[in-house]
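Two complexes are shown next, each including chain A; its partner changes from chain B in the first to chain C in the second.
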Partner chain A sequence: MSFVPGQPLTAVVQRIQIQKLRQGENLILGFSIGGGIDQDPGQNPFSDDKTDKGIYVTRITPGGPADAAGLRMGDKLMQVNGWDMTMVTHDQARKRLTKKNEDVVRLLVTRKSLEEAVKQSMGSFPRQ
Partner chain B sequence: MPVDKFANMEEKLWILEDLNMMYIRQIALSLQDSDIQKKIDHEIRMRDGACKLLAACSQKDQALEAAKSLQTCSTRIMAYMSELQRMKEAQVMQKVTRRSSDAGPMDNRLPCKGKVAISDLRIPLMWKDTEYFKNKGELHRCAVFCLLQLGGEIFDTDMVIVDRTLTDICFDNTIVFNEASPGFELRVELYSCCSEDDYSAGSTPRKLASKLSSSLGRSAGKKFRAAMEPGPCSPVSNGGAAPLLLPVPSVPGPKYHLLAHTTLSLSHVQDSFRTHDLTISGNEECSYWLPLYGSMCSRLAAQPHCMTQQMMSGCLRVKQVGGDPQSWTKVYGALKGTSLFCYHRQEDVEANVEPAFTIAINKETRIRASEKDPQSKVQNICISNQYGGEEVTHTLTTDSRDDTHRWMEAFWQHFYDMSQWKQCCDDLMKIELPSPRKPAPATPKQGSLYHEMVIESSDDLSSTVSDILARRMQELELRSQLGTSPTWMSVFEENNPISAGRPRPCTSRLSGHSPCTPHRLPRSPVSPHRCPQLSLLSSDASLTSDSDSHCSTSPCSHRHGWPEPSSNFSLLSSSPSRLRPRTLSLDAKLSTLRGRGYGGGGTLQCPCQPPASSLLAPLPVSSRSPRSQRGAQTTLSCSSSTSSNSSGTSEGSHSPESSEGAPFSRPSPARRSLRNLRARLDPRNWLQSQV
Partner chain C sequence: MDTESTYSGYSYYSGRSRGSHRHGERSRDRHKTRSKDSRSEKSVTINTPPAEPLLGDSAVRGEQVQDDNWGETTTAVTGTSEHSLSQEDIVRITKDLEDSVGLDCRRYFTLALAVILGLLVFLTPLAFLVLPHLLWPEKLQSCGTACEGLFISVAFKLLILLLAVWALFFRPPRAGLPRVFVFRALLAVLVLLFVVSYWLFYGVRILDSQDENYQGIVQYAVSLVDALLFIHYLAIVLLELRQLQPCFSVCVTRSTDGEIRHYNLGQLSIQRAALAILEHYYCDFPVSNPALLSASKSRAAKHLAGLKVYNVDGEFPEAPAEGPGNNAAAGLVHSQSRAMIAAAARRRDTSHNELYYEEAEHERRVRKRKARLVVAVEEAFTHIKRMQEEEQKKAPGDVMDPREAAQAIFPSMARALQKYLRTTKQQHCHSMESIQQHLAFCITNNMTPKAFLESYLTPGPTLQYSRDHWRARQWTLISEASVTSGLKDGSIFLLKCVDFSLVVTTKKIPYIQMSEEYIDPKSHKFVLRLQSETSV
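So, the complex of A and B:
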């Protein structure tokens, strides 16, 4: 998942759709995020590349909507409801996820295991 | 006698309108379709109402909304009229072909209809950087909305006011079209109207207009003039070249012009967000111009009926090839989506019981009718699928030849639908209808980056600047005492004799946790004149103490599991040289921001944690060996745990790091809000937010 800032990025992504859960007045998703272009990327325990300022999932509430949808700790958020997450501040990311008039968030996430899975499947069916 | 030319013209227009209405009614009658006629009548009434409202209303917002309804009604009328004409033409053509009577066997198979939904429309803008950062000058505002047309249905989105502080035009509406065929064309049109207060009158006499424009500044005058005349940049507002059957009444008031449009079709449908190109009409000279980036981002989803509705159902007998030739299972089959669901009984379908088994019917399925079964003389239907590498075949039979024929017909129709709807039949795309709820409160019209900063407000921000400085002083003094004893934490508990505040009760905002005990930091008497000097140094120290006390909830508890975050706090900084110099202006800004009591940041709050020991989790310095070369430091990763609204979901009590820490009473809310702010602003924190 290494990248060069300013250059187009290719990644294997998984689509995850999370239905927000209503708890009283709040709509919660059930996970925590860390990172952002205004944060120190060296402190991110989940990123491979310690210059990656992307948004990572740092914690999943067990049994919550995110858990049920298949989000995993360590996932990097690439897109939320069409909005890019690779170059946003921490607060912008939080805001995109917590819009009150949206019931569903559609995420594009990437994780190492996806890339490996694709490599493996491509390896076993070599293109002629 | 002077002929009043305008009155004459108006009369003529009315006569034309009446004639047109008669013509429409005749067509409708001849088609025996009164449906469209009713719709046209309805829209004309709505349009008249909108005109009257426009003429009568005084407020800008109302006028814009009324003009929007006017535009929508006019477009709908045009659409209905063209549909009427098309139907008439089709009828005529049919008569012609019937007369020619050599039509040949027509393939009458029509694909099923479906629902098409477009949502999350977003149109990025591309302001010049000089425009975006301009803080002076009036805000040039435009009111925009989108018209979406598919088939005969036209919907409009809500109106959005756009000015140079917005980077994207976002429409929150989800528009669903119910009866779309696979060859649909969804036309998206963006209309905009300049929303300057001065230029609302459309009937300013030309002499006055030119005088005004010449006396105003050049750019303002240009805009004004453009708003006045319907020049080349504003095509007739009802959509351009289409022949006018019902002339649009000209009313004073804001008028919308077409700014951009695009057409979407089946190939653009996908279960994710895509970007489409926009065709932009108009240019910079027009009053309604907005610098569009040129694309539109949206989610276009389709649910063909074959995926959502039961296409065929009936009783069947199923046998799996390779099994016992006599073992026919009697089932009730329902064909829907990409499967044939086989239930034990018919009632199970309603009862939502799990089907006995499911046979996949998708693009790779092969269905054929087998030879007549010698015993029953009924043809069997064989369904073959590839599961993994193997082929699995199911054989179906029914009770009568008619049934078999109907099932085969249903399968062919299903395959045809899937071939027409293409990617929409791979998986069911979800379409959500937003639940009706109170509209979100209008966001305050602030756009600068500082307003973006979310700051928790605390209700009793009554401390003065000197208080803040004085507190910082105490903290700095504390710092200098830190190196001396491991029991430094107990220092925090002593009563502060010179606390500037009075007991600060917990604010209700902090979610009604147990009330805070008034906390006073101990300190030696501080003479105020020392404050300004030390503010430079103390700011850093107070920042660290804020961040220390700020630690809460489970992300912290996860700290153990993490590899050591590398950035450390300088909790102990007895030598001023190590402190990072802060400019006074930042402190001043922070204080003033607090003083203003930002209420907008209500979404971010740090829940007040009752276990006091959780608040100061840094480890006593002397009990740990220094982590880095930077002297005695503790590793601390602070996290702000936040939730969308004011209910703090505390994820379990935070276990204090330092076991010998005596209970640490909570600081006052004002201090806490300052600390929260500081913690969030300190780049050495790696923030986490709970969503």
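So, the complex of A and C:
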């Protein structure tokens, strides 16, 4: 998941669709995010590359909509409803996720286990 | 040209030492510098003390003084002839030197030259002023007010010159150095040339032509005194100021026990640097105690006696490389030593074990004795009490002065102290008399028992001990470079005395290139490291 500035980023991603839950006035998703280009990347416990300023899932409320949809702690959000999440500030990310007129967010997330799963499945078919 | 220049301390009281701070030293050495460059010869004479004609007799010395070419015709005395003396001879010599009044012709010669040069320098301006009045008084113009003002200035400048010369040169000599002090010689030559040229000019232009302008003559004399003051300034800079800025770091190692000290010296010649180092040596280095080295010597002897090598191939094992062309014997010796080294490496040596336990045992013994000593001394000190003034008037019975008080309490601690000194092998450094003196001193100055004991628990610098302990006041300077050449980076020389030698190595203090960087006080700004977590 390391990136080279200026070069396109490739990652294996998983599509996750979360239905927002209405709790009184607010629509909640049931997880917490951390990170952003205005934050300190060195304190991110989930990233491999400590210069990665992307948005990471830091906490999942158990039993909430995100948990039910398959989001895991430590996932990096790549896109939210088509909006890029790799180069946004923390506040911009929060705003994209909490738009009042949307009930559903479609996320593209990536995690290390996805890469390894793909590598394993590719490796089990040796090239002739 | 790396010959050795050796010097023995007999010349400590020779003419060099006395004259080294006088003008005469410079003019005597002017003879040397004028005749030939004696520094390139690297031959040194040894001045024998007057009472003990050990290496020559006074007749030889006398003719050396008058001979101008003595730098070429004397022979160098090598180290072997000095070291053939025994300890008692050396002690006897130093005692005689201290007692003798100093009948050394050389010293008086340099003193006489110094006085002559000084008188020449001081009387010249006065002569310039007085001679016209004596020789052509009727033709001379009368001296007006400006001219008389110049008289006052000449008088005061001469007084200042006199005081300055007294302050700089008339100091008790610290040491006798082997070679001439180059700067003093040069200054003497300069002064003499200067005065001679002034006299020449005066003789030709003023005496011969009998100049009437007296004010001009007085101004000429004033210019002479001014120039002499400037030469004195030059003398201060060359002799005193130039070596103040530290330029070299010297590392002084004692050869017997490896004590190392580092000093900073300025730009000095090797002999002056050696003198400075020796003065530091007496103040800083702990006293040299040969008794402490006996353990390592016995271990070395045991190593040597461990193996014997026999050659069973039938060749002759003796004749260990006597002839320089004896290759077979040399090869034999090489193989023998190699065999010994190999065998010693293979042998299971337990001497390190013995050393470890021996040292631990010694440490324990020293600590036990020290504990007993401390207790004994503290108890002894409680037996006497200082009497107050009022009590002194009231009860004049059994009152003791410090020496008697020391003698009274000394026996109770004498045994413990002696045992401690024996264990730490210091018993020859302190005599009973010196211990009692020290005790009286401590009692007089209200010192605690711990203060009294400190000088016995740690070995102090050499100067602290009694005079016959620092017997080595004669030192030999051994150097490959000429001893009047300056210190350089990497120069090495030895200072040898009877018991040990000091190895001195020099390193230049590096040139430091410093640059500046300006930091605006307003540029100190900080940000918080953000790490927020938002729930969505």
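The rule is short, and it goes like this: the second predicted complex is superposed on the first by the 126 of 128 C-alpha atoms of A that agree within 3 Å, B and C clash if a C-alpha of one lies under 4 Å from a C-alpha of the other, contacts with A are read in each partner's own complex, and residues count from 1 in each chain.
Methods note: a residue touches a chain if its C-beta (ideal position, glycine included) is under 8 Å from a C-beta of that chain, and two chains touch if they have at least 3 such contacts.
Just so it is clear, the structure is predicted and the values come from calculations on it, not from any experiment.
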Report task. In the overlay, answer first, second, both or neither for which of chain B and chain C A:103 touches. Result -> first
Query raised in the report: Once the shared chain is lined up, is A:121 touching chain B (first), chain C (second), both, or neither of them?
Result: neither
Requested in this report: Would you sort A:10 into first (chain B), second (chain C), both or neither based on which partner it touches?
Outcome: neither
Query raised in the report: With both structures placed on chain A, which of the two partners, chain B or chain C, ends up touching more residues of chain A?
Result: B
Query raised in the report: Taking the contacts chain A makes with chain B in one complex and with chain C in the other, which residues are shared?
Result: 28-29, 31-34, 38-40, 43, 58-59, 61, 90, 94, 97-98
Report summary line: Listed in rising order, chain A residues that touch chain B in their complex are 15, 17, 23-29, 31-36, 38-40, 42-45, 58-59, 61, 79, 81-83, 90-91, 93-94, 97-98, 100-101, 103-104, 106, 108
Report summary line: In their shared complex, chain A is touched by residues of chain B numbered 120, 122, 172, 271-273, 297-299, 430, 432, 434-435, 437, 440, 452-454, 554-555, 558, 562-563, 565-567, 603-604, 637, 641-647, 649, 651, 683-691
Query raised in the report: If you look only at chain C, which of its residues touch chain A in the complex?
Result: 529-536
Query - Contact set on chain A toward chain C in their complex - result: 28-29, 31-34, 38-40, 43, 58-59, 61, 90, 94, 97-98
